[in-house]
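First chain A sits with chain B, and in the next complex the same chain sits with chain C.
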Partner chain A sequence: MSPRLRLAVLGVALLALVPGAAATIAHLPDFGATIAAYGERINAIAPGERHVANMVSAINFDLRGLDTLGEEFMLLAAITGTVVLLRGRRGETLTDRAMRLPGRAILPRSEAVQLTCRLAGPLLMMFGLYVVLHATVTPGGGFQGGVILASGTLLAYLGEGYGGWRDMVRSHWLDALEGGGAVLFTVCGLAPMLTGAAFMQNVLPLRTFRDVFSGGLMLVENAGVALAVCGGFTQLFLEFLEETREADGPEEPGEDSA
Partner chain B sequence: MTWLPYAVAAWLFAIGLYGLASSRNLIHLVGCLSVCQSATYVLLLGLGYRYGSIAPIFYDYPPGTPAVDPVMQALVLTDIVVGATLSALLLVLTVQAYKRSGTLDPEHLKPMSRGGDKAAPDTSAKHPAR
Partner chain C sequence: MSAILILLFLLTAASGTAVVLIRDPARQIFALAGNGVVLTILFTALQAPDVALSELAVGGAAVPLLFLVALMAVRTGRRDEEHEG
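Let's turn to the complex of A and B:
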């Protein structure tokens, strides 16, 4: 199919969809007028019932925790797929040096970049931890904090270069973080059943409202998500950066580049 | 203008679809998919918004203050994280496709043949080592 024909087909299809889209948009509630009853009920009930101030965390880790469990395993599956595809092609062996483009000058890292990264890296990690720990009281949580923590490790690559990054980040630890986080979340679902409660029922003491340690089981689940997201994203960075490392030799017969 | 956020979502989705259909580069294709995905963010957040409401965090305001819909925000949050990892997965597939066929143009992708890709050696001449 030629590109022109394909675009024509798409245009016809979109034109056919326009009346349906217009009718749907006309029947949606007016923007900013009202919200769904379910969200309204959660806002009304959850602060009293679960002693948490952050409703988004209450939904993710308690009220709809089963959905988050599914998301967690989607995350795990996507990252596993990425790692398998990249590593399967590349092999498991490691070198300490990044690949060099022939003919490109090797510029030493400036001290300003190094200093900035050394200062900003730990601060960023600290901020990530803060966001993770305050999941149940202020905006934040395992998903956001985990990504911030993972970005902190990227600053090590920027500041120290490939060798320093390889020294700092161990692939096995990342595997353990990623899998351990998912296991922790699953255990949080199954453990309450040992006491006779329902799956993922919040059996731990809820503590006082607006306290950092409020929320009971949510705190553990939040930690599990933070571990999994941090480990998973760092694993992604690691695997993509590994693509730039210097190859030991030809990877496959008939192919001298990688 | 109460329909404007929904129209923006529909437009984002349509422009993403146009990009997907007309793309000549697999990396561009992954970007277009992200544009399509951001249409869902706009739609969900638009559906969950209410004028004069606070964010659904009852730390500075007492519980009972009118707040926007927290369900939509939770959906968008997990969507963004999973979407980011899926983009990574698609980019890896792009890397693999480039290594196999030596091109990023979806038009020039050929079906895989049994017993490996015979075209690999001569494409490495056209696209020298990185």
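Let's turn to the complex of A and C:
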């Protein structure tokens, strides 16, 4: 396609799209002017009907149900696709041993970095667990907590080096975490149907407002999402790191720390 | 619109432009992480803590880390070719 033709196509596209876009932008409500009707309705309903203080969790894990299942599997599909692409080139053989690339320098961690990571890692994991468990009370939820948990495992990599990290993190466990989390979430959706309720209807008893267990089934669903996200992100990181290694490493495990 | 929001919008525009203008990939990743942090503060200021938490975890930490590792992989690949050739 020649540059002139491209410009012509761009011009035609702009002519067609700009009037519509301009009209839409002109009719948008002013910045921060109003809360949409849907938001007001949710704010009115959720605390009374679901005993939940975090409206985002109430929408994601209860009121809209099936959509969140799609979201969950979108992430699962994306991570599976990445893993298939990376392993497809490298071969499917898995190893729990840290591989290393010949000729690459081994970078030792300074003691300050190690200490910081050993102190901050567990604290970060605790915070991640808190975010997951308090999804119905405070901002956050399974996804955010899961990513924070995954960042905690990355701190272990930063502090201990690749060899130490692979001694802690097993590829099979990550697969199990990711798949198990997705299965748990799906079961949370299907199990209520056995009792005659709708898909993902909140059948567990709702507790008092602002309680950890206030959301009933939402807590279990959040745990499933957190497992899947934590396992998925760590798996993604592991696969990308393996990309920089070579399959035929030396016999000593845990040597590389680059 | 309060002064802090205007300031945050300007910061968002500046940090976003910086991501585009910086040409060195390694520095670009840190600019991207900086943009994620600015967006996090903006979302917090707009009273969307849930979105802010997601942005901080994904835009501020997970994506830059993945990019860093991918960049490392590309660099080792290039060094191998030089070694062979």
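Points worth noting:
Just so it is clear, the second predicted complex is superposed on the first by the 211 of 258 C-alpha atoms of A that agree within 3 Å, B and C clash if a C-alpha of one lies under 4 Å from a C-alpha of the other, contacts with A are read in each partner's own complex, and residues count from 1 in each chain.
Everything that follows uses one rule, which is that a residue touches a chain if its C-beta (ideal position, glycine included) is under 8 Å from a C-beta of that chain, and two chains touch if they have at least 3 such contacts.
For clarity, every value in this text was computed on a predicted model and none was experimentally measured.
When the two structures are aligned on the shared chain, A:L154 is found in touch with chain C, with no touch to chain B. Legend: residue contacts after superposition of the two complexes on their common chain; A:A112 is shown touching neither chain B nor chain C.
In the superposed model, A:L194 makes contact with neither chain B nor chain C. Of the two partner chains placed by the overlay, chain B and chain C both lie in contact with A:V56.
By the document's definition of touching, neither partner reaches A:A23: not chain B, not chain C.
By the touch criterion stated above, A:A33 is placed in contact with chain B alone, chain C being left untouched. With both structures placed on the common chain, the touch criterion links A:Q144 to chain B and to chain C.
In the superposition on chain A, A:L236 makes contact with both chain B and chain C.
A simple residue count on chain A separates chain B from chain C, and the partner touching more is B. In the superposed pair of complexes, A:L14 makes contact with chain B only, with no contact to chain C.
Counting contacts as defined above, chain A residues 31-32, 54, 56, 101, 139, 141, 143-144, 147, 233, 236, 240, 243 meet chain B in one complex and chain C in the other. Against chain A, in their complex, chain C makes its touches with residues 1, 46, 49-50, 52-54, 57-58, 61-62, 65-66, 69-70, 72-73, 76, 83. Those residues of chain B lying in contact with chain A across their complex are 1-7, 10, 14, 17-18, 21-22, 24, 46-51, 53, 55-59, 63-64, 67-74, 77-78, 80-82, 84-86, 88-89, 91-93, 95-96, 99, 107, 120-121, 124, 128-130.
Taken together, the chain A residues at the contact with chain C in this complex read 31-32, 54, 56, 101, 103-104, 131, 139-141, 143-144, 147-148, 150-151, 154, 233, 236-237, 240-241, 243-244. Contact residues of chain A toward chain B in the complex are 3, 6-7, 10, 14, 21, 25-26, 28-36, 38-40, 42-44, 47-48, 53-56, 58-60, 64, 67-68, 71, 74-75, 78-79, 81-82, 85-86, 89, 99, 101-102, 137-139, 141, 143-144, 147, 210, 229, 232-233, 236, 239-240, 243, 254-258.
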